[in-house]
Every structure is written in structure tokens, then in C-alpha cells.
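Per-chain numbering from 1; labels A, B, C and D assigned in written order.
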Amino acid sequence: MSTIKIELRNEDVAKIKEICTSFKNDPQELINVLHSCQEHFGYLPAEVQEVVSGELGVPVAKVYGVVTFYSFFTMTPKGKHPISICLGTACYVRGAEKVLDEFKKELGLNVGQVTKDNKFSLSSLRCVGACGLAPVVLVGEKTYGRVAPDDVRNILKEYE
Amino acid sequence: MSQIKSLADLKKKREELRTGLINAIESKNQVQVKVAMATCGIASGAKPIKEFFSEQLEKRNIPAVVTQTGCMGYCYAEPTVEVKLPDQDPVVYGFVDLKRADQIIEKYIKTGELVDGIIPVNYLTIDSKE
Amino acid sequence: MSKYSIHLLVCGGTSCHSAESDVVVCNLRDEIEAKGLSDKVQVITTGCFGFCGKGPIVKVMPDNIIYVQVKPEDAQTIVEEHVVKGRKVERLLYRDPKSNEIIGDSKHMSVFKKQLRIVLRNCGVINPENIDEYIARDGYQALGKALTEMKPEQVIKVVKDSGQRGRGGAGFPTGLKWEIASKNKADQKYVVCNADEGDPGAFMDRSVLEGDPHSVLEAMAICGYSIGASEGLIYVRAEYPMAIHRLKIAINQAHEYGLLGKDILGTGFNFDITLRYGAGAFVCGEETALIHSMEGLRGEPTIKPPFPAQSGYLGKPTNVNNVETFAAIPVIILKGAEWFSKIGTEKSKGTKVFALAGKINNVGLIEVPMGTTLREIIFQIGGGIRNGKKFKAVQTGGPSGGCLTEKHLDMPIDFDNLIAAGSMMGSGGMIVMDEDNCMVSVAKFFLDFTVDESCGKCAPCRIGNKRLHELLARICDGKGIPEDLDRLRNMSQVIKDTSLCGLGQSSPNPVLSTLDNFMNEYEAHVKDKKCPAGECKNLMEYVINAENCVGCTACARVCPVNAISGQRKEVHHIDPAICIKCGACKEKCKFDAIFIR
Amino acid sequence: METIKLTIDNKEVEVPNGTTIQKAAKKLGIDIPILCYMELKDMNIENKPGGCRICVVEVQKRRNLAPSCSTNCEEGMVVLTHTPRVLNARRTVMEFILSDHPKDCLVCAKSGNCELQSMAHRLGIRDIPGQEYAAMSTYRKDFSPSIIRDLDKCIMCRRCETMCNTVQTVGALSAVNRGFMAAVAPAFEQNLEFSTCTYCGQCVAVCPTGALTEVNHVPNVLRALADPTKTVIVQTAPAVRAALGEMFGMKPGTLVTGKMVTALRSLGFDYIFDTDFAADLTIMEEGTELLDRLNRHLKGDKTARMPILTSCCPGWVNFFEEYFPDLKEVPSTAKSPQQMFGAIAKTYFADKIKVDRKDLVVVSIMPCLAKKYECQREEFSTEGNRDVDFSISTRELGEFIKQANIDLNNLQEGEFDDPLGESTGAGVIFGTTGGVIEAAVRTAYELQTGKKLERLDFTELRGFEGVRSATIDFNGLPINIGIAHGLGNARKLLDDVRSGKSQFHAIEVMACPGGCIGGGGQPLHHGDSEIIKARAAAIYAEDKSKPIRKSHENPFIIKLYKEFLGKPNSEKAHHLLHTKYFDKKKKIIVKQ
């Protein structure tokens, strides 16, 4: 368990309420609400979940149960440049694991961690559907295709 | 856009669109360029290719319609672009980078001369007669 | 326009390339230059023709003549005979394998037309963000026909008669599913489109949503009409922003035209579609899990019955079909059941879209009639194995499927054959593996996925798959014992037999199918402690071949752990106990003296 | 009703449509093992996730094995429950479950009472293949005032989640995480203390393993007993005597009141008192309050809020403080019997025996885990000295008695001590759902009408339906009474109160299904609701056997008012026997 304590500002609470209202405070829309909140805050800290819980009338334990069920949701903030390595089958058979290992080594991170300067975070994901480009690495919105372990250092250099 | 109120309306609309679309292109003698812009196409750099075609064709005074389309299926050859010259069968080019895009305009579109990177069409459609 | 009157198209696909198609190109050009025809004839390299078994391929335009298995020395003949004299080179023409007839005109060569695009009919053809282009290509005509000319039960009958089976994996007959949903009485029913394509390496549904979103909307409305539902929901992966974007545009445009909403085409039929986003849970491809997810809950499956057709979304009768299933519906309605049922095999009708990926030349999205063989897909459409390596296996059906081998290559692909072979259709991912892929590692990779994606509700899937993965990892690490193979099989069978939902029931398939087809590789791991494919690090040993070693010391200097000993100008030795298998020595050695054992 | 014929293990059986294979088999005397499934019959409580897969059977023509707990019988079905395939699957799945379960059975709080342990024994598991390298899912432990959570032992049966959500609607627990790390936990996997938990303990009551257990306060009690400077007195709640015997092999529903008193005396308590006495006192205070509000209400006094809600149950108090803080003026202000007892013991009784309250240790034996929390509430102590020092559950007492080498079966019947040990039948029935309000009616009727009750058994108030109502004729004045047991049922009544729809004059709520007899601190019922019913029958039997069955006739109660409190609801009574409630709606608190 790792929870980061943040103070929600009034405008944050207002924003969450606005999101919930836009989904008519319907508990069925919980996942859509969480998507919108994560889009706004970048992640889903406990406090945000508490407010969502109150607005939708869903026990906060249940909200947390949903957040921890779906890999898309995260309770830790991402780095400024989130790096995602596709570990879909197509990428895997073309050596994505070695690319991931190289990123781990270069950044000194494990999957799910953020560098101390909050610059990079490392995650793996399952198939972005760009199998023609395997192995695929995403840095923020940018896609790198046919990445070899040797390319890793150069990719990182772009963000220095 | 106005509502389509009946099947007859829909059929009429289809016919209008068919003739309208074809006429628009044929009458102006336009070149039709379609850029495959599904996720993998975009990830491979289809966006700047589409922009390049739009800008350059205009700049070079070639009447053309540049549109996006979905996945053509040739993921290994992304970005892929289909070019249809007036009165001719469309030709699909793969591995289109800016250099090749320029070649396509200068050679294929301007003179009809084929350029490297053609992808042979390898499927039947629902309208094919076998 | 063109100054050239003749084009010679030479296949530059990887497979032809490795058969010296590049030399063919050079020779053709030289020949043309020599004949002074450079301003009349142009030689062009193209992408793969999908005819790799007969490469290199040369196509002469505008005559539309195809030459196969062209050798570099044939260039002269082609230029002299065909280009100069206008005579076909008989011996290089392609002969129909059945009739042995020479087929000259490539338009008649069925071998080039392995694919038939029904689902993908508009993908890559229309602008998916413009409804007009869809309508111009018969879009929404099927909906119009259904609403005005057919009764709901007639629609269902057409779908039933077409023989279409659900493309999501299990292959349940679509028409039957609709019929069950239509017969359950309720004040509200729902049509759900399962667009939670989760198989790693599969991107069929994404391509359809991105390339032809209206086909899905139209089909959902048709389904709604036939089962008596006025609401549709599309459960789409949040990882597909482009698909979501285009779906939103499509829904808006359909609304503006009145093709969704109230009183569609003046028939009094109402139908609306909303989007629900997945959030990264593979298990939500299972329909009960998907429904719970749409209700804002954890996507845990529940025991069937009750089936969604009885009690689904919000407890109401719900019909769930996947994207590809829906996308074919408008064509079936317009062209009729008979037309559709002529395509495919006896029990699997129509076409199937596959996402072809892995160690294959033409990674791509293909659509073939059911009954096409793996060989046709891999070696013709797919252009064969990359880098001229040897084909080893193809994984179909994603993590729930199995690995098929050489012996399955000529099996016609349909739902039943794949299951009989220990795999499944799944959603249509097809990952090709070559000799460098260790099958134990592949099984481990898929289990890694399942362990990650198990919802955790039932014990065999939650814990059993973890244990399977652990055991596979031990085998890859060289810690396996022969008895482990029996345990693997027993655990796999029990997990399959006892798991709650389709995920657990199929998760051991990669293990079972590799045990069946690649037992020798498993045995090599546990008995000889060797990984034949050379993928398992702990089972590799770097060894110096005394005959080649000159004692240059380069390897010893580059070794990061000082595992290499030996005097200058004497044969060196690698201490396997110290070696970390980084491969630096092998890379450095100029004398090919280091090999992997 | 439509019936279905099928064969199980080659025997034919006919069952109503909708019957599961498991139940149909039971009819034939075939006992298919079940683990995660749990049902409390007639209480509308069922946990049916189909998750453990222990109960799988072979159904002909099905590809996979079917979970018998959640597969309905179908016409012509052919079921086999012990083929080699089934037995192998059951054993392998059990090995899976055990491979992710700690092996500290010898020292586990649930040892001997653990359903997983029994199942392993029943299936004859002798070995867990690969356990030497099997990774385990491990979690942080949580010690709350009442409940200990050790999720390493969670087997994802989901019973606690069902109790906490579907039955109690407390929503403190949810399935969290996915796959191998899935478990049932509070939000953010925080301690229960920071959740909406009411400490009703129903999660503990149904947990098949040692994942959820009570906080053990026996060592504190032992220390007090060993301290020569302390006078240690004990009070025992009514539901305890109806269940304690089960821990010593007695039939459910065996009353052990006298043996229990003897056992407590042997354990070294200085005075053995009865919470039933305090229950009678509660009726005096709460009944008076009810009549006062009722009469003001009848006169048209708008400040007199109807209905009055009982307040004896600490789980229930926690519940409305969390979920209905806006209604916190509605329940009776009367303290629970446990706390009334403590307040009287540390004032009236301490004075009587001339012991300083700091040297008087009050221990309560309760069927309840929320009582552990209740006695720690700040408002129930004076200068840091609690009115009730320690609360231990029926289970803890049973263990304590065993540790002291006392054989409960062979004890003489003892008698409670005076003056806080004398009680009426009305006090006894506090232990079961409907009992508090029945006791209140017996007294309120006579006080209101001035007439003697002809009939003391208000059977219309008894039973196990989740929400019950009855109208009692107070000599021409109809009094509408509502009863709910289980917090989910209570919520329904509360929602009506909130929206102004409620027509009741008085409502009794008990947090646990069945009332205190089904409390979170009772011997485990393992999903058998007959046990709970037998306890209720025992309680009513004890009531019937009492010479005095109306609280206001308890001579020691009369004496207490005369000597010490004055009148019910007097200022002194208010000071000692009444409390107030707080808005405990959880604010956004996140503690590292």
C-alpha cells in the first residue's frame, strides 16, 4: 500500500463534483468518472476517490476496489515523461523484454516507479495495437517503433 | 446536415453522394490521395505525410483531395498511402516517408511514372465476381 | 502522361529479396540500358505480392503478366523476349497447380486473392470520419431494409441462416444468440458491442472501429430492432483513443442524419448508442465481467447461467457481440444469408480477420474465408518468416489459445478444427514464431499475462496460474525436474476443468499445447538442462572452440566478471560458474571461437 | 411448484426447480464439500461467489466441472460427485489454496475452528507440492480496537464482503487488487479504524479462516485478576449463556447460566453480575423516555420526535453516527446495558463496597465485538478511568475457561451475586431480535395504562424476518412498532425516518442477524442458522422460567432508584445513564 497524502484544493473538489455531475452522479458511471478524474489529475489519489465516493454514493472501499482492479488506473503520479513499454505478444517475440530491461538499467527504476526528479516513470502495457512496429515504446504521446536495446540511451537523451 | 427521413431518402442520398463524389473528383480532374491513419499508421508517422501531401499538392498547383482513411492492412509497410489518378486504378504505396512522398508527387502524380514501394493489392472485395 | 510505356514490377518483399530479387532488378536495369530502352521501360521494386513460395516475382505492366521464380540470369530473357519482342516467356509463367494451365494474367490468379474483405470492406477505403462516404458505399441501407422491409424475426432468420458465429472467441451462433435475447420478455433490453479487445497482439477490432465505425453502429441498430432493444452500449478499451474519437464522431453524425435516435427512417424505431470505457482488464472480454464493468463494478465474471440474454446489463436481457461480428451484419442483411453461407467451411461461415504479427514478414491485418490454411496465411499472405528463419509455431487465440506447429499448417482454419488442434479461434491474433523462440518461454510469457490479468475471484485461476508460471520459470531457469512436466499437465488440466470463466478455462492452453507439440523442448530443459532455441539464459553456456581460438585475449579483456582465463597465444577458457552470459565475449571475438552450447 | 428429476451418483432425486446440485445431493445424503459458499437460511443471507471451486462435480455432457453450490439442477441431469477426475480436481485446487496460505496452524487463533483446516483434513491433503518455492501473497496486518485482519490468511471466499456490503450495507470492506494479490480489505488497504467499519463483527463471525479474528483482551483480564489491589467484577450479557455451551460440545441452545457463573467464580472474579440487570435498568430509562416523547407527541409537541430508536447496540450506534448523523437526535439517549452497568458499578456499587473506582475493574462478557470499541469511547470514562475496563467475547471466555482447566460440563450451577446480578425475564430477551422492544412494551404498557398485562409473550414481535412490524394496543392507543436486525434492514427503516415516511412510534435495531445471539463474538455458527434459532429459543425459555418478567418489577432496580437514582430520567439518571451521539461521517482522512 502506498498512499500519498495530498491536500485537495477547493477547485479540485469542485472539478471532481463537476465531473460527477456530468455523469449524473450515476454509480454505474464510476469507471467513466474515474477516467475523467485521472485525465484531470494525472492519477487517482485517495482523496479524489473519497470525493467521488461521496458524490456517487458508492462506498469508498468499493471505489478503491475498482481502482485497483483496472490496470489503467493509478494511485501514483506519473513522471513528466511517462515511458511505457509494450509487452504484447508481438512485441515480446521481437524482444521487448530486453528493451524493458535496458530502460530499467538506464533509469534505475522498476516498473511502476518514478525517478527521483519526477522526470521519468516506467510502466509496461499490453499491446497498443501497433504490432507492425514491434517492439514499441511510448514516451508520453510519442511512439517509437522497432526499438532495440541499443536505442534506449538515445531515446532518453531526447528528453534531457 | 439534414435528417434522412425514410429509406427512399437514404437511397436518394446514396445516389447523390455517389455521383456527387465521383463528379467532384472527375470533373476537376482531381488526384485522390488517401493516407491510412489508424493507430499504427499514425504511430509510424502518417500525420506529417498527410500534411505534406495537402500542402505540397496545393503549393504545386495540383488539384487533389487528400483524405484520411482507416487501416489498409499493410502494417509492416506503414505509413501507407493510396493514390488514385483520374481514370486509373488506385495504387498503394508503402513505407512512405517525406522523400518518397515527394517522389510520388513529382513522378507518379505529375507524370504517371511508378515509384518504388508499390504494394500489390491482394484481396477480393464483396463486389468481386469470382 | 508517363514517358514509360512498360513497367517491370519486381517484388522487393523480404522473401523475394532473400532469393536475390535485388540482383534481378539490377540485371533487368542493365539489360534495359544495354538495349537502349531506358526511356521506355522502368523497373520498380514493390512490396510483397504475397506469393513468396514462388518468388522472386516479376510483373510486366500494362500486359499484366506475372513471371515466377525468376533467377538473375532470367533477366536477359525477359527483356529480350517480352519487352523487345512482345513474346511471353513460357517457362517462367505461373501454372495453376490443379489444372497445370498457364496463367498469364494476374487478374485471374486466385493465389493472389487469398483474402476476401467483408468485415474490412470499408477499412482503408473510406474516410471513417465522414458518414457520407459510408452511405455512398451502401451504408445504412441494411438498416433501412431491415426496418422497412423485414420483421424482427425475419432479420434474425437471415442472421441464423447465414451461419455466422460470434467472432469474439467461442464461436456461438450469432442468430441463435439474437433469438434467445428476442424471446426473453422485458421492458428494456440492451445491445452491447464488446470492443474490449485485450489479446496482446490482436488489433482487428481496433482497425474496424478506426476504419469503419458506422458499420458497427448500423449493425447494433439492426440487432436492437430484431431483439427489441432501444439502447446500445459499446464497451471500448480506454487504450484505444483513436477508436473512441472516431466512434464519437460517427455516433454524432448518425444522430444528425437521424440514423440513430428517435423514429429512425420514419419507422418509429428508436435506438441510441452510448460508450462505456474499459480500463485495462483483459477479463472484461468475458461477457458477464464486461457487464459488471459497465455497471461500474470490478470486472469479475459470474457463473452462467443466467446468461446475459436472460439477465445482463442492469438485470435486463442483453445481447453481447463483438466488433467483428457486428461489422459483417450489414453485408449479410444486404446480400442475403445464402451469399454469406457460401463462403467458408461447413460449420464456420464467412471470413475471419486475423492480425498477423510476430516473426513474419508482412505483419498486417488480413481477412480470409474460413477454411484457408495456416500455410496460405503465413507463407503467402504473410510473406513467410523473417530473415529466412525456420517456422516453428504459430499462436492463435491469444493467451487462451495454443501453439500450432508445422503439422497443422495445412489444416483449414475454422472454429472446430482449431479447438480440435488444442487452440482456439479467439479474437484472431496470430503470432508467428521461429526457431529462435523457446516454446517453454513462450508458454511462460502467456502465463505471465494470465497471472497479471486473472481477476482473482476463483482459486484455480488466481493461485493455480501463479503456480504454473512459477514452475515454468523454474524450468526455464534450469531448476526443473522431469516430474515437473507431469505436474504441469495435471495443474493445467485442473485449472481448465475448474475455473469459473473462460479466462481460467483457457489459460493453460499455451502450456498444454506446447507440452503436446514441443515435449522435446521441455525435456531438453528438465533433463539435459538445455534450451534448444537458446533463449533461456540460465541454460546457455558460452564455450570457446579450441580450434578457432588464437589466444588474442580480447574476450578476457571484455569480460565484465573475469570469467575468462588463458595465457596470450594459448587457448582460453570460460568458467561457467562465473559467466553471466552477457555475450560480450562472443561479440568481441574476431575468430568465431566462442559459441553457445 | 415445478419439480425436476435428476440422478446424482446413480441415485434419482426430485427437487423443486431452482435447487442447486449441492442441495439436491444433500437430500440424498451426499455431502459435497463446500468452502466459500455460506447461507444463513431464513435470514435472507447467502454468499455464493462460486470462487473456491472445491465443490465441483462432474455433470455429464458438460465440458468442465460444475460448482455444485451455484449450479442449478436441470431435468435429466446426470451428476457424479466423486469420480477420479473430480477428486483429483478438488485435491489439486485445495493444494493451490493451501499453497498460498500460511502454515502456522498450530498457533493460529482459528486453529481447531477453521473451515480451511477442516477441509484440508477432510480431503486428506498430506503434502503441498512445490510449496518450498511457492510465492505467497502477503499483506500488512491491521489491529483495530475490535478486529484483527491478517489477509495472508484470506482465501477470497468473499463472505466478509457479503456481510459488510449486502447484509450490513456498511461498505467498509471490498475486494481489492486483482489476481494473485486480490483480497478483501478496507479502502486504500487502510486500517479498519479509518474506515466506515461499525465493528459489528459479522465479518469475523463468518470468516472461515484466521484472516479475521477478534482482538484478544483475556490477557488484560488475567492481569487484573492477578493484581491483589484490584477488585474485579464481571457482567455477562444475555446472549452469552445461550451459546457458551457450544464451545464445550453442548447442543446449540443449551443454557449454561449457572455453570457459567460457577466458572467465572473459579476464574477469580470477585463479583459475578449480570448485564441483564442493566438491561432492566435500560428499560426503565428508555421506556420512560419513550413514554415521555410519545405523550408529548400525542399532545402535538413538534419537538417530540417520533419514532424513538433503541440504542443498546453499539454496532448500530456506530452505524447511524456514520451514515445518519443528521438523525442523531432521534435514538434514545439511554446508554447500552453494558455501559449503564459500568456507570452504576463504578459509582453506586463502588461506594457500597468502599472501593475507589480506580481499583475496581469492570469486565464484560459480550457476544459482541463492537462492545470492545464501545467501552473505549471517551465519553464512557471518568478522568481516564473507563466505566467498563475490558470487554471480552463469548469465544474469548470459552478459551479462558479452557485455559483455566475448568470443565464447564461438570460444574455446579451457581448464582449471580447481589445487588447487580438480579434480573427479570425482560432483561434476558435483550439477547435476541425483538427482545428489547418486547421488554420495553411489557413495562411501557403498564406504566402508560396503569393496567396489568394479561399476556407477557408478544409473539408478534418475535421471529427472524429482517424487518418486522406490529401494532400493540395500549388500551385503545395503537402503538406501531418496527424491528430490524442486520444493519441493511435497519437502513431501510432509517431511510423512511429520514424521508418522514415512517409511521412507527418505536423501532428496535440490532446490528447482527438474529440480534446478539448471532453477534460477532459468539461461537462460530459456520453458516448454520439453526444454531442461531436454537439460541433464541433458549433465551425465550430462560425468560419464561423467570419468576419476574417485567423490568420495573425487579426489586433491585426499584431499590437502586430509591437509594441512588431517584426517578427514571432524573438528573442523576441522565448524568450516569444517558449519552449523546456524534457525527462520525468520515472526513477525508488519509494516514500514512
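The rule is short, and it goes like this: contacts are C-beta pairs under 8 Å (C-beta built on N, C-alpha and C of every residue); 3 or more make two chains touch, one makes a residue touch a chain.
Small disclaimer: the values here were computed from a predicted structure and weren't measured.
Student: Tell me which has more C-beta contacts between its two chains, C-D or A-D.
Tutor: C-D
Student: Averaging over Cα atoms per chain, report the distance between chain C and chain D in Å.
Tutor: Chain centroid spacing, chain C to chain D, equals 57 Å.
Student: Between chain A and chain D, what is the gap in Å from one C-alpha centre to the other?
Tutor: Using C-alpha averages as centres, the distance is 43 Å.
Student: Could you put a whole-Å number on the gap between the CA centroids of chain A and chain C?
Tutor: Averaging C-alpha atoms per chain gives centres 27 Å apart.
Student: Centroid from C-alpha atoms only, then distance chain B to chain D, rounded to Å. What do you get?
Tutor: Comparing mean C-alpha positions, chain D is 73 Å from chain B.
Student: Would you pick out the residues of chain B that each touch at least 2 other chains?
Tutor: Within chain B, the residues that touch at least two other chains are 39-40, 42, 75-77.
Student: Which residues belonging to chain C are in contact with no fewer than two other chains?
Tutor: If we look for residues of chain C contacting two or more partner chains, we find 203, 206-207, 240, 281, 298, 357, 363-364, 452, 455.
Student: Where in chain D do residues touch at least two different other chains?
Tutor: 175, 177-178
Student: On the basis of the stated criterion, which chains touch which? Give every pair.
Tutor: Touching chain pairs, listed by label, are A-B, A-C, A-D, B-C, C-D.
Student: Quick check: in the complex, which residue numbers of chain A touch chain D?
Tutor: 1, 3, 5, 8, 46-47, 49-51, 53, 59-65, 68-69, 71
Student: Along chain A, where are the residues that touch chain B in the complex?
Tutor: On the chain A side, the touching residues are 128-133, 136, 143, 145.
Student: Would you mind writing out the residues of chain B in touch with chain C in their complex?
Tutor: Touch residues, chain B against chain C: 1-7, 9-11, 13-14, 17-18, 21, 34, 36, 38-40, 42, 67-77, 80, 82, 85, 94-95, 111-120, 122-126, 128.
Student: Help me check something: in the complex, which residues belonging to chain D touch chain C?
Tutor: Contact set of chain D toward chain C: 49-54, 56, 64-65, 67, 70-72, 85, 88-89, 92-93, 96-97, 99-100, 129-130, 133-135, 155-156, 175, 177-182.
Student: In their complex, what parts of chain A are in touch with chain C?
Tutor: Touching chain C: residues 26-32, 34-35, 56, 58, 62, 65-66, 69-73, 87-94, 125-132, 134 of chain A.
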